[in-house]
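Consider the two complexes below, in which subunit A is the common component and subunit B and subunit C are the respective partners.
Right, the complex of A and B next:
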């Protein structure tokens, strides 16, 4: 009887957005009288930080600092339609809608600035700090604060824009299955290292090294929180979780966090996250949706590591100590 | 976390101001100081609490329902049964033309899973609602139940859901979604080895910090405001409008601050009945799942079974792959026909295989209805595919990582569902994993690229 060590690898891809498309999201952007920008949506922030990302996307597109942007979302009286936050679609779909709306608003903003500066709008650029400058003559400039005041009180212009993003729906061909499930895919490769106690069947995940390709890390800190959380969830899925521990008997399913088994902080592996960026052709600033993908590769990587450690295959999730011990027993009997 | 900017540097400009910056989240201070308002932080004078009477049986006919004792319980204001729900038989994906309507808001004549909602009790306090719910008498005739997908698909199995007429979802392609590419039998015949293996999974719980729920208040202008933690505002509003036969203009949904979803809050379960309660009583109503309901009543991830048969050559090429996927929807569709179909578009995984045959089934049983959960349609498929890849590599005596390089998809490769691969990056992820995990592979694999076939 011994503690045995093993490692396993898994490589995966994952589609961004609703399978087969047909899932619209719309956005509205407008400026306040003093040049702050409101993004209006009906998308839902599940805790992953959607509001923050939409603010950064709007700020980048208009050319202002992120703290000049406020996101008002998830009120059906004010926000235009969003299909919802699921299918790794939030950033991709809503982000594209926000870019389109912000571009339209930016164009009006530059037109008003051009009138104030008596130049062509096409000769203007933003400095990203709150000013609009004449290209090549940066001493000639106007603040976005003043442009907004002018638009509201002098020029009678609405600095605003409408945006929408929709991947046309694909209908699978009945006999061949020819279809377009998605327009872009995120990728991952995970290597997990485990120890298995062949006396108790207990698995300890020592390290998980995840490489994720996500198109573009729009906010690296928020990418990290999502990818680390996903990696933990993958380990939990692989080794711990079931709502039916005695299936096919449906009794005695967990009803609280004491009974429903999940790893605690002490059970979590040393987690490494490495991010690659191959911008997607239709992603907002190249972003893909890694929200679901990041919890998947750990499961087979851990399963393969368990085999590498003790030489038995557990092909049913979760990989419990009981299943490992039964497999070891069967292996010894053979 | 490390960003490896050396990969794909030629196709990416890093010249942005706000994008790519690790700006602090504007909502974090509120979250960590307890100032963020969630839906349940709203309370209104006279608010009623809704509790469900649930089926104790997996499958049963309802002979009668007697609410007389419950109605007399102190604090009870209203009791709702199936006849009170204007459009009681519904299905949420009807909004994207995926029918038939197959589920009841409140059970009507039959229950199909243990925990199904039968009667809704509205009372002044949560305790009164709970106590009154225990006094509702439902007379059941227990029916045979089926908990296993293979059993459910056998002739003579108990019929789970009459709205389907058989224990599987009927796609336009028949009993399953199909993908056919190349000649899979010829591929097996010409392979050095053929390996067929079966993989299974259990339902799991989303385990959000905040349980599913909503607070509804009738407004003075004949509208209803619903504070909710749904993941999809208009999807929920539009389905509520159908179920209550109420114009959407009467409904105002407010949400967008959610304590974790993971797919568990897209089923449109709590809002319609709570709004109906508010309409019929003229009072605010809250319906919030207990932790027990969240874990045992709210849809889990589907149990799945995946059978993979592969033909592989000694040199590492996979020449044929046949996948049969089964998704256990439980008693009702919810999002499961979509999930099973998503699997058909995902297989055979991120590998280029010339001969592919895929069938994915959505099967009905008397288990708790499953639905959306992070990665559904793909997550269990990836578990099966990637364990299978490990087995294949060992079968032919090849390093598991090198084996994946040989089969990895690259730009321009035709997928089984007949879309050319674009924007591939699997090879680069594996190259970086090889380096990061100190898992050496031959130099030729480190020289590969997703860009050009044959590089």
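Right, the complex of A and C next:
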């Protein structure tokens, strides 16, 4: 009887979005009379930071500071259409829709500015700080505040735009069955080191080293935060989480989330995160969907590490002490 | 049933309420007084989201009856900032990105505050111990542990 060490590796491809009846998201952008911008969406921020990312995308596209943008995700009854926040699709699908809407709004904004400055709209550029300048003659400029006032009260223009991003449904080809069920793959690789007590079946994760390839990190600190939390959830899936922890009688299972086991602050593995940025061609400013995949590669990596440590393959999750002991017993019997 | 009068100090202000006997402090703070910083996660003492400080001790407001708080001094996260300046713990949670959905954050900050009030320079293990009654579903805890250690460091720098 001993504590045995093992190391396991796993790598994954992870798709963005889904292929049911098509995968659309709609976005609307408009300016207020004072030149702030509203993004209206039905995509929901679950705490992953979608509002912040959509504000950044809109601000970048229109050419204003991020704090001039307000994102409203209020109401799926009355707002534009979104399939929802799942399948790691929010940044990619809603982001593309916001870019399209913001481009249209920017065009109107430049047209109004052009009339005020008596120049051609194509000769104008934004400084990213709230001003519109004539290219090559920056002394000739107008604030976006004044442009919005003019649009509303003088020229009767609506500085607004519509965006709709759709990945159409993919049907399998009759002959080959080939299809394109998803777009824009993110990638990840994890190496996990574990200790397994072959007397109690208990697994301790010592280290998890993760590399994530996520397109461009639109907000690097928020990406890191998502990946650190996700890596912990991956360990949780691998070793802890189940609604039926006790074999064989269901009655011994938990009855609410208080009894749903997850690792606490005292059970953390030493975690390393490395982010690789390979901007995707069809993503908003190169982004992919890092959402769910950040909790995936840890699971096979831990299963492989357990195999490396004690020589048994556990193919049912979570990898509980009981399952390991049963497998060790079966192994000894053979 | 007759209402019970209770008076306590909430974040420095004298506060008085008539409550039904058996009402929790969590319900009284959120739904009667309007301080929604303590969150109701489980309502049975296992998640820590409702944590407040009563007479210097960390308490679960979902398991505390309002009528037992007569004369008490109560602090919640909403009373931490002074004149618009965030408390060092709030600052550190922001700076280290220790919050995602934010539901656990007020409880975490209360637990951390009691720790730092008694132990200004805690070890990592002491931080883990102090947060062990609080559940977070988003962050994986590490960013929260780092936030508390960061706040402790900034406190001791200010004191020096």
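Side notes on the structure shown:
Basically, the second predicted complex is superposed on the first by the 314 of 334 C-alpha atoms of A that agree within 3 Å, B and C clash if a C-alpha of one lies under 4 Å from a C-alpha of the other, contacts with A are read in each partner's own complex, and residues count from 1 in each chain.
Rule of thumb we're sticking to: a residue touches a chain if its C-beta (ideal position, glycine included) is under 8 Å from a C-beta of that chain, and two chains touch if they have at least 3 such contacts.
Worth saying up front: this structure is predicted, and the values here are computed from it rather than measured.
Of the two partner chains placed by superposition, subunit B and subunit C are both touched by A:46.
In the superposed pair of complexes, A:191 makes contact with subunit B only, with no contact to subunit C. Using the contact criterion defined above for the overlaid structures, shared-chain residue A:324 touches neither subunit B nor subunit C, since it reaches no partner. Contact with subunit B, but none with subunit C, is seen for A:285 once the two complexes are overlaid on the shared chain. By the document's definition of touching, both partners, subunit B and subunit C, reach A:222. Within the superposed three-chain model, A:233 lies in touch with subunit B and with subunit C [touch as defined at top].
In the superposition on chain A, A:174 makes contact with subunit B only, while subunit C stays out of contact range.
Touched residues of subunit A, counted separately for subunit B and subunit C, are more numerous for B. Common to the subunit B and subunit C interfaces on subunit A are residues 46-47, 49, 221-222, 224, 228, 233, 257, 262.
Chain contact summary for the complex, subunit C toward subunit A: residues 42, 44, 46-47, 97, 100-103, 128-129, 131-132, 135, 137-145.
Taken together, the subunit A residues at the contact with subunit C in this complex read 46-49, 221-222, 224-226, 228-233, 257-258, 262, 264-266, 268, 271. Contact residues of subunit B toward subunit A in the complex are 1-5, 7-8, 11-12, 16-27, 31, 58, 96, 114, 147-148, 172-174, 177-181, 197-205, 207, 209, 230-235, 237, 251-263, 266, 291-292, 295-296, 300, 303, 338, 341-342, 344-346, 349-350, 358, 367-368, 372, 374-375, 377-380, 382-387, 389-391, 400-401, 404, 408-409, 416-419, 422-426, 428-430, 432-433, 436-437, 439, 450.
Remark: subunit A residues 7-15, 19-20, 22, 42-47, 49, 51-52, 55-57, 59-60, 63, 65-66, 73-77, 79, 81-86, 128, 172, 174-182, 184-185, 187-191, 209, 211-213, 216-224, 227-228, 233, 237-238, 241-244, 247-248, 250, 253-257, 260, 262, 272-281, 285-286, 291-293, 295-297, 299-301, 303-304, 307, 313, 315-318 touch subunit B in the complex.
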